[in-house]
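Below you'll find a set of structures to go through.
In what follows, subunit A forms one complex with subunit B and a second complex with subunit C.
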Partner chain A sequence: MSEPILTVSELGVGFVQYAGGLRTRTVTGIAGLDLEVREGEVLAVIGASGSGKTLLAQAILGILPRNADVTGEIRFRGERLTAARRRRTLGREISYIPQSVTNLDPLMPVGRQVRIGLDPRTARQEQRRLFARYDLADEVAGLYPFELSGGMLRRVLFATSVRDTVRLIIADEPTPGLHAEAVAEVLRHLRELAAEGVAVLLITHDILSAAAVAERVAVMNGGRLVTVESASAFTGDGDGLGHPFARDLWRALPQNRFSAGGVEWHW
Partner chain B sequence: MPRLVLLRLLRLATLLIGVSVLAFVLVRNSPIDPVQAYIGADVNITDEQLARLREQWGLDRSPVEQYLAWAGTLVQGDFGTSTLYKAPVLDVMGARFGASLALMGVAWTMSGVLGYLLGVAAAMHRGRLADRVVSWYSYTLSATPTFWLGIVFLVVFSVWLGWFPVGLAGPQGVPATDVTFAQRLHHFVLPALTLSAVGVANIAMHTREKMTDVLNSDYVAFARARGETTAQIFRNHGFRNSVVPATTLQFAYFAELFGGSVLAETVFSYPGLGSTLTEAALGGDVPLLLGIVLVSALFVFTGNLIADVVNAATDPRIRRRA
Partner chain C sequence: MALVVSGLGYGHPGGRTLYRDASFRVEAGSVVGVTGPSGSGKSTLGALLAGDLRARSGEITVDGAPLPRRGFRPVQLIHQHPERAVNHKWRMRSVLRESHAVPRRTLDLLGIRSEWLDRWPAELSGGELQRFCIARALHPATRYLVADEMTAMFDAITQAQIWHALSGIVRERGLGMVVISHEPALLDRLCDERIAVERLR
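Coming up: the complex of A and B.
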């Protein structure tokens, strides 16, 4: 069995808010979440907006807003992911492919953005190689983000995340706004990375993409992990799905039964 | 491009006409009579002499005629003669402009460099002590009238501590040509400090806001997720994204700078363009007043023009749009 790269246990994320005067209250973002991603595996996390998917990514990367309160444990390759350990591993062993193309610096040529974090002596060469891998022309390196199309920017974001030393890639909604072909390309790139032994955590609300690319699909709702299903069960009427919420989610899709759901299960 | 230049020149011309008409109307309707202001308390003047003076200055003609006569000679490059100094307006302004320029130059540089650094420091330590100190300073100084701050500085540094002279650009009773550089500098410090203190506050406040936006942006969040340190984030993204608006602001700041210098110079009796403007207004010296108004309008216009050009030249989103 392959080595677990990322192990999340009993993760909780709460937000401290002021509720009038000096009284504070805590709003729950994520509660009691357990998750494991193994070497060479794509694990998809699906759920509606507000289900806590992005918070999960931010908690792993340590980029939550300042008023967030994190409990539980996150382990990377067996060791606790502390602030000090993040400093050593982020950008080297752990990569992040963000949700939006506004994550690129608008005033820096994209080539330079890809070279950040690379060894300065070989950075240019390495960046050319990455551009070639993601089908970007050499001249593109000198362009600014506003001069590139949405699809090209996605590929640039991929190029920023691929490093020889990377063991875990967290991709947060890498597909919205792309046409079908571009989506297929993004998914193919994720599969490629997994084939190289990287653990991929794909966060998405697109069930079809998740089922197409992942081995396992984790379903989140209201800050909790509802179930982890095998991706192959997302087919037909979804009778192979273990949890009723996953079945409802699958059957609610227009191309399936388009049903309202909620009849066979109760919280 | 030539069309753009032409458009700018046209805008400048209409601006100068508008400003001069407005200033002229205001002076005409001010309670100060130029002739009375000119002769002052001299009682040995006859009514006949007064009338002749009015006629010689053209005050007996209609306001429109007066304005057109002034504008007509102006177009030929003649700004007229100052009634207070009895010298060509251009010469009077030329002698004062240098002093004002030094004052504004120092304040401009100080506020640009120091204001930017303080603003950046505050944004990067938002909510902590450094931020609170800078914010407190900025809000307090921005809410402080320049002339009042000047008076406070005079009271503290000149009267109580005795470190600096109370006013003027050199020691009293010493001919301007005999004033040494050290003496000039000694007289220069307080007005420059007054003007700079207010400027630093404004620039620091704006930079803090801009830098906070940058630090809260998606691209900085991404940079953090890529393991960039705070220093790297500033070097790679913070400086790049905040220096363009800061530079634009810095040039657009010319207007406030000139307004501030009028007040600071008046408080310190510092013989620059600003204090001369006040003098000209109180002394009913219409040609000198209009001359300074035009020069200052040109000065502010130039600042805004440079701001536009710098902005277009440094921001790739504007530069490469062509």
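Coming up: the complex of A and C.
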């Protein structure tokens, strides 16, 4: 049995907002969320925008906005992920692939960005190895982000996140805006990492990508995890999906029924 | 009655030429899909059709008249990121009013709830904001819509809801529409005809 890498129990995220004067109200972002990602597994989290997917990633990484109030427990390899433990593990054992390529520094050559956090003695050699792995030519290392295409920038983002010591990768919406071949490439890279034993948490609103790359697909709606479905159930008319919301999501795809929450499409 | 592009030429200042001699037409009441890889100039084409960018050469006419340079734009563009297309310091009621007094029925068709009108843009989700951007574009004088990756950022249900609502309105008013998307299945659902942007080079 493979080891659980990330265990989230009863996670709640609320935001305290001022509602005029000194009155405050708490807006719920996530409530009562449980999930587990094991080594070598890709777990996808899908759901509507505003359903709390990105908040989940931010809660794990400890990068929520200041007014957020977090309850529940997050464990990494069996131990509570405290602020002190995050400082030791983030960037070494836990890695994040952000949503947007604008997270790269526009004023630093991409090779140097990939070398950040690597052992200075072997950094250059390691960066070359990562470039080769992600099909980036050696000369690219000296280029700035604006000189690279969108697909190349995605590969650079992967190279900045992948380290030999990494046990958990959180990828937040790595595919929107990419054409089909580029999407397939991103998914292939995620599968490769899982095959090496990394636990991958893929956050996406792209159901087809989620079902193609993950074993299990967690579905969020309104801050709650409503169901975890087997990826193989996202097929045909979705009759194998256990939860009605998962079926609605699947059937809403234009390649399926293009129905909107039970209302059929007609033109 | 058609949106007609003839001999269009354009390139970004200092950049390579995107279009040299592009010609096509969108009949009123029809839906034309525009496809192509990222970076191939799809959004630029949308901005040219709406009059946000000025062509270097060639001509765009709307139901026989040249695309107006000032005043109301009969070709309305709906962007991929609604949060970048609204004024963050205006409540949603003002965002709508900048265009016209949007009838209650249009708001209902688009699923815009009355209580959203008093909210700030930051208090709505992307899908909710996009409904406002669509309502705003549906001015009585609008003849054509350009939807540039309008639902690419949304989950499947939100995407379907928005297209269900908009397709009904477009048909009822006999508007023409250009749908820019890299999702073939979506274009299959919506479009009478498809143009690959490479073909317009």
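Convention: the second predicted complex is superposed on the first by the 261 of 267 C-alpha atoms of A that agree within 3 Å, B and C clash if a C-alpha of one lies under 4 Å from a C-alpha of the other, contacts with A are read in each partner's own complex, and residues count from 1 in each chain.
One rule holds for everything that comes next: a residue touches a chain if its C-beta (ideal position, glycine included) is under 8 Å from a C-beta of that chain, and two chains touch if they have at least 3 such contacts.
On a predicted model such as this, the values are computed, not experimentally measured, just so you know.
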Margin query: Which partner chains sit in contact with A:R87 here, subunit B, subunit C, both or neither? Use first/second/both/neither.
Written below: first
Next item on the list: Tell me which partner A:A48 touches in the superposition: subunit B (first), subunit C (second), both or neither.
Entry: second
Next item on the list: Considering only touches as defined above, state whether A:H179 meets subunit B (first), subunit C (second), both or neither.
Entry: second
Next item on the list: Give one of first, second, both or neither to describe whether A:Q127 is in contact with subunit B, with subunit C, with both, or with none.
Entry: neither
Next item on the list: Would you check which partner chain A:S209 touches, where first means subunit B only, second means subunit C only, and both and neither mean what they say?
Entry: neither
Check: What is the contact status of A:T7 with respect to subunit B (first) and subunit C (second): first, second, both, or neither?
Finding: neither
Checklist line | subunit C-facing residues of subunit A, complex | finding: 46-51, 149-150, 176-180, 205, 207, 248-250, 252-255, 258-261, 263, 265, 267
Margin query: Going by the contact rule set out above, which residues of subunit C touch subunit A in the complex?
Written below: 37-39, 125-127, 149, 152-161, 163-164, 167, 171, 182-183, 185-186, 188-190
Checklist line | Residue numbers on subunit B that touch subunit A, as the complex places them | finding: 217-219, 221-229, 232, 236-237, 240-241, 244, 315-317, 320
Next item on the list: Within their complex, state which residues of subunit A touch subunit B.
Entry: 61-63, 86-87, 89-92, 95-96, 98, 100, 102-108, 116-117, 144, 146-147, 160
